[in-house]
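Consider the two complexes below, in which subunit A is the common component and subunit B and subunit C are the respective partners.
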Partner chain A sequence: MKLNIEGLLVYFPYDYIYPEQYSYMLELKRTLDAKGHGVLEMPSGTGKTISLLSLIVAYQREYPLEVTKLIYCSRTVPEIEKVVEELRKLMEFYSKETGEKNNILALALSSRKNLCVHPEILHANIIVYSYHYLLDPKIADLVSKELSKKSVVVFDEAHNIDNVCIDSMSVNITRRTLDRSQANVETLQNTILKIKETDAAKLKEEYRRLVEGLKEANVARETDIYMSNPVLPDEILQEAVPGSIRTAEHFVGFMKRFLEYLKARLRIHHVVQESAPQFLKDIFEKVCIDRKPLRFCAERLRSLLRTLEIADIADFSAITLISNFATLVSTYSKGFTIIIEPFEDRTPTIANPVLHFSCMDPSIAIKPVFERFQSVIITSGTLSPLDIYPRILDFRPVTVASFTMTLARTCLCPLVVGRGNDQVAMTSKFETREDFAVIRNYGNLLLEMSAIVPDGIVAFFTSYTYMENIVASWYEQGILENVQRNKLIFIETPDAAETSMALEKYQEACENGRGAILLSVARGKVSEGIDFVHHFGRAVIMFGVPYVYTQSRILKARLEYLRDQFQIRENDFLTFDAMRHAAQCVGRAIRGKTDYGLMIFADKRYARADKRGKLPRWIQEHLTDGSLNLTIDETVQLSKHFLRQMEDQLGLSLLTLEQLQSEDMLQKIAQIAHQA
Partner chain B sequence: MDEEPERAKRWEGGYERTWEILKEDESGSLKATVEEILFQAKRKRVFESHGQVRLGMMRHLYVVIDTSRTMEDQDLKPNRLTSTLKLVEYFVEEYFDQNPISQVGIITTKNKRAEKLTDLAGNPKKHIDALKKAKDSTCGGEPSLYNSLSLAMQTLKHMPGHSSREVLIIFSSLTTCDPANIYELVKTLKALKIRVSVIGLSAEVRVCTVLTRETGGSYHVILDESHFRELLMFHVKPPPATSSSECSLIRMGFPQHTIASISDQDAKPSFSQAHLDSTSGGPGLSMGGYFCPQCQAKYTELPVECKVCGLTLVSAPHLARSFHHLFPLEAFQESPLLLHHTERFCEACQGELKDKSVFTCPSCNSVFCVECDLFIHDTLHCCPSCIHSRSAP
Partner chain C sequence: MAALSEEVLLVVKRVRQRKQDGTLYLMAERIAWGPEGKDRFTVSHLYADIRCQKISPDGKAKIQLQLVLHTGESTNLHFSNESTALKDRDAAKDLLQQLLPKFKKRANKELEEKNRMLQEDPVLFQLYKDLVVCQVISAEEFWANRLSINNVDHSLSNNKQEVGISAAFLADIRPQTDGCNGLRYNLTSDIIESIFRTYPAVKQKYGENVPHNMTEKEFWTRFFQSHYFHRDRINTGLQDIFSECAKQDEKGLKSMVFQGVKNPMVDLLSLEDKSLDEGYGSNSTAPSTSNTNKTVKENSNSAIIKRFNHHSTMVLAAGSGKKADAPNGQACETSSTDGNSRDSDFFQPPIKKVKIQDVIEYEDLHRENGKKTVALNLKKSDSVLSGSALCTASCAIAALSPGGVLMQALAQQAINQMVPNDVQGELKHLYTAAGELLRHFWSCFPVNTLFLEEKLTGHLEDMFQMAYNKFHAWQTRRMMRKT
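For the complex of A and B:
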């Protein structure tokens, strides 16, 4: 089908189009026209990917000078593969329609097994890869720095983008890391000695290069070839590597001293929290390490590794980590905090000191991306509330829109269960979570649902410990035994292998009619990456509101930072974070328009406006007053009715080309996009 | 207009929001919507007829009734089991009424086992007796799709190739307890051309979806009791035959019913062959009956397969009754009443046309009301007005 979107000819490889896809493309086009950034929310399963691809490719063809590249970032390998599949369909359609051989080169960087190093890739028109290639400074430097300014960057499934940014800039150092770094340093020292005997000229050459400084890099940046690297800020480039670490031996000695210092810092018995300047002051006083050489650590180490021609960089990950830490801590005085904990909170008797160097400002990592590229699109199924992302990522979008699903039948049924049949409020609130009645009511809910929901149910708890407690007391109360009469029970554990085994068996049980329940944890592996299409998830039960563990010091520091820097209240952020995870969890069940599922929010707090209002619009729309604060009995009644109605699989709202051109349809479409 | 029969007491229903369906018209009156709802309820389109396709007229159908724990659920009144058995009873009667040369058997499943309640047979009485008895049985445990299907398969696979082999499962539970991989069995069923249909009483279960899709059956979930009946009645009509099913000529006997006159002194009461092995009493001895034209074995009821020589014994009206399935009456065209100024009365019942739509026979252009339309299509199977004009010289 060929579409005309505000004067742009778009080839769309399907015969029908959902109204929201059309609307999505409209908004996308406006964003590209304005050369600005955009935040777009559209439910999964409505063909986000193909809409994005077909519009941007069309735009590229129409205005080859305005947009040269599309960089499509997704989260996981399967998602990347899905994108490539859609792209292939689009390309086939192009060559069929236009009759000419397609001149668009696309490249996907997924895993090492598909790695390609052909120089041609630099000229690819479309690049599909993981977030980390763009956000993680260590990888971005290798892969992405030569991308042209006139690119469009798309972050798909971007609801967690702030955490990805933070993780890519944070460093955790344990004793083990230090021990391994120590070993690395030893190896380096030996290699240097060896090289000195055989090929001293090489080291001399390196020394000369370092005196010259990083001018080259500077030139490159000024001439706008490279994207800036947040680990290597501009001012460093003006200077040469300081003399104290210029020779290889001196540098090794320097690193040794630094390691010793870190070791000493880890030998503590109480928690220390300090800022980067405090840390620098302390290190200067104790071991006379200046700020300046520290800043060059990462660069110096890279140069040394290159000179020594060490092939297996992976062996040196520990020392690389330490050197990155050194550079980061000396470069940024704001946005970071250092927390040294002598033991984990849960096991206060076992000494396991950790130094957390944690980034609190996601905008640091993503800033170069926003600055460099003319259009950055952030999109996902769950981005509500939309205004918070521009705030925490510190950018100014030109379009912010949320799209709803147009459905011929209501295929999702969100219900908020607030009370048990005994009228005791159901909540995972800290004060009442150990309450016997609450646990029993949660158990009854699961039991009742297991009797009426066919095939698979996925239940999410707020944390592993909470799940363990509840499941243990369900066992004592005999609830589990009754549940098992209806369905098999599988449990997600922190162990990845165990979990994937449980998942496999869960799917088997759903497939052959035995029926199963998967007990899992919000923020766990299951809640993020795994889809429960059709019978694999006919109902999702969210036990409680998945707040983060608020006692964590890292989180506290981040909240404080958010309050001071972005004027976001702690509570707002916590609720936002909890609700986006809840939305992710319940969104697992609906993966398309032919799918249907129950979404059960088992906590009375969901009925409150501040929680409800933060759910994505496509869920909120179906959450009527009649589905709030229900008892278990009412929930069962409503669910039963819903499931019966859903069986007749029918009704997709698809538009043909003729319909699209009609006037009133266009008006309807305009209403779908909800300007936030 | 008659009051619609109350299907259940209001307070027994679930949480219904009947007020949400109602919408006021411009004048603020609710009358229009109420009438609309009543009309729609009546007008539920019976079922799309197949048109001119081959139908599997000789059917061998096993009805599998789930009698597991979930059948005690009271969402059908008084409970699922009683309601189901009553409907199946009605179904069996209808089935034989519409498919006189077909057979039915009944299987129940509970406690992970499957049991044959009745064997395949062409006599509705036996089935209905068995169903009546089953009402007192207890429900328990889990059903087993695998066991029920393989039990049905054991018999069905020996049925001749020209007959249609069907299984209809009434499935209340959401789980099944199977001794082996059911998907292997589905493959076998598919190879044997056994068509499996499912009526779900609770919700859509994946394994049933696959089962019906693979074997070419239908799968529906009931909304309430009247919907249940409707779905069940759907299976009264013979399904279209698969193109691969065999064509063969079938020998049939048409025995005359003969009653020896009382005055005839030589006549002696004799046993019916059908009663020989049956344990259910009944008057075994009778004077008259149907005598097989091939071997002279006596039967009191038709249709039946002769126990002695294997000939299918039917009566001519039986065959004639099956006939209308092959040439279904075309659906009447629905049109709004306003377009018909000339006809104010229904051609059939002569009542005044009051509903907002009327129905026109495409061949004779007679106009009928909703109720007559339903009656003509469901029961008469021919347009009275067409017949009338044809018979007139």
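For the complex of A and C:
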């Protein structure tokens, strides 16, 4: 159908449209009009991607000078491929409707082997790739830095975007890294010696090229041609390269000294935590390394590797890592912390020192994106509470909205189980998680559900260790044997290949009618990347509240930083983080309106307002007082009732073109979007 | 006196039957027993009539052998020769073991089939009781009508799908303490078959060791004692014959994992496009996966998890009738040579594309071709958008459907509670019996043979009369009871 979204002609490749899709496009268009950023939450399965693509493509056609490019970032390869497929569908619809030949160039980078040639990316109207191509400065500098300012950037499935940002800026250095760097440095030294004998002019030329390159970069940045790079600080573009690292030999010597220093720092027996300035002060006192040459390290190494015509840069990944660390630690005095741990907490007898250089501020990595591109859309099925993302990513959105799923039938049924039939509270709280009664009640819940839910059940635990322990005690108590009378059991393992096979077998068992249970882990690969549509997931059970492991020093430092910089209280952040993962887990089973499923929150703490209130609106609105703090028996009764209802009902909530033309209807649609 | 020409295969003296001493004869086609001093058999069973034999457990004072017939009757034989009782019994048992299977095939298939039908179908069984046992119609007539169905069934049952394996079959052999510090496992042939089908490695071991190296009993005793059967499997000792099975299982699992998954949508390995390079990222949450740092308990826990995955996979494979893994890894070799390994994605894109297209399709957003949906004209469409109206509507429907809140007081009570269960049952029996008679009645039309005419005018009428009388009697009885 052809839609009129506030005066914009939008081709939508379906005969009907969900009301929330219309509403979503409306908000999106307003964001583009304002040339600002937006945060939009809409449940998965309501056609978010096609709404985004339809509207932005239409906008590009209507205002080719205002928006020149769409950069669509998603997280996983299957998701990227889905976007490409939807785009293809839209393009086919365009050619069918307009009779024109497709004049839109779309480009997808869906894996490293597809890494496209640089000029193509500049000409494409639509680029679909993974977050890393934009957020990881190492890759962004190669692929994305020249993308036009007048681009619309979409981060889909963006509920974890802060972690992606942090990961791309954090560095871990172990003894192995240092040994490999040492070897790298030696190779460099030998290569330099060889070249010096055969082609001394080349090395002389090198310095000139380095300066030239920096000058160019400076010009480009000032004239806004390039997106800025957080690893290439502004300062070094204006300053002269320090003498201590000017020639290739000097630079190699400098790196050697730096490596020796790091080696010495790893020889410790107790944990050290310090800030970047403290680290710089220490390095200056101990080995007289100044801040300024450190800042040039990353760029200096790149230039040298280019000059020496090194074919396989991957061999030099260790020294590249060290040079990136040097630049980052000397550039940012805030937002990072250095933690040196002599051993893993679990194994205090085995020395395994690691230097963690941890980014605590996700806004550092994403800042260039917000600054460069006129509209950045952060969207996902679960982004609640909506206001926290602008705060931790440090940007000011023009639109913040959450859309609910309009449903002709209530196809999701969230229930909070708080007690066993023996009235013992059910919770994964640290103090009681080893409690025999809690584990047994969790087991009974699984057993009861396995008897009444058809086909597939997915259950998530708060952590892998917790799952292992519970599975072991369920095994001892014979609970799993009884569950096996109803369904086959498959369990996620730390090994991705093993888990993939378990997943495939799980689906096979759901498919052939035997029914199966998948035991899995929140924050794991399954919870983040695998959908359980229709009979592959008729119920999701979330055992406990998936809080992150709070004893980690890095996390503690990050919480402190959030409190000091963004005035976000530790508990608020931890709860937000736990709830977004819980929402992701339970949302895995509902992938559309024709789907249906139970969402069992098995922890009494979910009933509290501070937890419940952080669930996405589309889940929250189905949580009534009658579905809180239930016993196992009550849960079974309500579930049976729900499943019976679902089996013989089907309804649609669709709008036709005519309906969309009525003024009255449009007003009502506007109410679907819940302005935060 | 039995035919003298029969060949006698085995004679066992001093066998008691019903507390009477006598002699047991195993002949070519039957087994017979005659009391001491008399030259006739009081017990004689054709092998074809025998369903199975059972023996008393070792160590029991009485050494017995039981013959179970297809009719359900059984005959107990007590070997009472003190010095050779056990040997006698085993000789008889072994011979029977060889003879019975030969006759099993020759056994009256029809009878067995009838038996099976009656056992499997309680309604039919009741009907049989009501009509045949009460002599409303004869057994032949009852079956005459069924047999045609039976034959059709039979042709179907030849390629009937194999029965799957219960995932919990190991749970069914829970050990029971025998009261003197030992454990007893109850094994049935079904469970043994399940074990063999699920764990081919065990079957192989069985073939290798039984009966040359050990008896069947010894084999299963060892099986249950072995760590292979128990828990975590990490402590399989060297002398344990099943340690090799565990290794084979492990190998099989590995080869399956190595082959990778066919469905690209569940392949976690290719999920991430560009993971961070080594050394980057904040691995604060990632647990260490290296085995060296694991405690014994953690190792045992992860072994349990692996075992569950393996067990479920094998049960699934056994149920779908295909071999899950070749124990010697052959399957993996052949399939990796056909070029369809994970690396070459030459074959993958079509599957993947179809899967993806399937996922992104919103079928409800398409106008249906052919049949048009009836638009629901709602007066208050605004409440539809908020979802409240339909929720109310669906709640109302649910409440009014059987089992719903509103129905509990009315309809449900009318059926379930007002009429007692036994009355419902009796009524149902009468109803099905009457239905069956009617079926007989109508099957006589068109009346084109003499037999049918006779049937109609002759005893069918009597049958109806009889059925009516039965119903009437029941009715009166109920009335009497009520008043």
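Following the convention adopted for this analysis, the second predicted complex is superposed on the first by the 664 of 676 C-alpha atoms of A that agree within 3 Å, B and C clash if a C-alpha of one lies under 4 Å from a C-alpha of the other, contacts with A are read in each partner's own complex, and residues count from 1 in each chain.
Everything that follows uses one rule, which is that a contact is a pair of C-beta atoms (placed from the backbone, for glycine too) under 8 Å apart; a residue touches a chain by one contact, two chains touch by 3 or more.
This is a predicted model, so every value here is computed, not measured.
Q: Check subunit A with both subunit B and subunit C modelled on it and let me know: fit or clash.
A: Aligned through their shared chain, the two binders clash on subunit A.
Q: Contacts for A:R644 in the overlay, against subunit B (first) and subunit C (second): which applies, first, second, both or neither?
A: In the superposition, A:R644 touches subunit B and subunit C alike.
Q: For A:K487, select first, second, both or neither according to whether it touches subunit B, subunit C, the two together, or no partner.
A: The answer is both, since A:K487 touches subunit B and subunit C.
Q: Going by the contact rule set out at the top, does A:Y207 touch subunit B (first), subunit C (second), both, or neither?
A: After superposing on A, A:Y207 lies clear of both subunit B and subunit C.
Q: Based on the superposed arrangement, let me know which partner A:E81 touches: subunit B (first), subunit C (second), both, or neither?
A: After superposing on A, A:E81 lies in contact with subunit C but is clear of subunit B.
Q: Which partner does A:Y63 reach: the first (subunit B), the second (subunit C), both, or neither?
A: It touches nothing on subunit B or subunit C.
Q: Contact-wise, after the overlay, does A:Y332 reach subunit B, subunit C, both or neither (first, second, both, neither)?
A: In the superposed model, A:Y332 contacts neither subunit B nor subunit C.
Q: Determine, under the contact definition given at the top, whether A:R514 touches first (subunit B), second (subunit C), both, or neither.
A: both
Q: Check whether A:I554 is in contact with subunit B, with subunit C, with both or with neither, and answer first, second, both or neither.
A: Once the two structures are laid over each other on A, A:I554 reaches subunit C alone.
Q: Applying the document's definition of touch, where does A:H534 land relative to subunit B and subunit C: first, second, both, or neither?
A: first
Q: If you tally the residues of subunit A touched by each partner, is the higher count for subunit B or for subunit C?
A: Comparing touch counts on subunit A for subunit B and subunit C gives C.
Q: Output the subunit A positions appearing in both contact lists, the one against subunit B and the one against subunit C.
A: 487, 512, 514, 641, 644-645
Q: In the complex of these two chains, what residues of subunit C are touching subunit A?
A: 164, 166-168, 170-171, 231, 253, 256-258, 260-274, 276-285, 287-289, 292-293, 298, 300-302, 304-306, 308-309, 312-313, 315-316, 319-320, 352-353, 356-357, 359-360, 362-367, 373, 381-382, 384-387, 390-391, 394, 397-398, 401, 403
Q: Using the touch definition up top, name the residues of subunit A that touch subunit B in the complex.
A: Residues 451-455, 486-487, 510-515, 534-535, 538, 626, 634, 637-638, 640-641, 643-648 of subunit A touch subunit B in their complex.
Q: In the complex formed with subunit A, which residues of subunit B make contact?
A: 14-15, 17, 70, 75, 145, 174-178, 181-183, 200, 202-209, 219-223
Q: Please name which positions on subunit A make contact with subunit C in the complex.
A: Interface residues on subunit A, with respect to subunit C: 14-19, 47, 49-50, 75-78, 80-82, 85-86, 89, 109-112, 129-130, 132-133, 136, 138-139, 166-168, 170-174, 177, 317-318, 321, 344, 346-347, 350, 356, 358-359, 404, 406-410, 463-465, 468-469, 471-472, 475, 478, 480-482, 484-485, 487-491, 493-505, 507-509, 512, 514, 516, 523, 525-526, 529-531, 533, 548-549, 552, 554-555, 591-594, 641, 644-645, 649, 651-654, 665, 668-669, 671-672.
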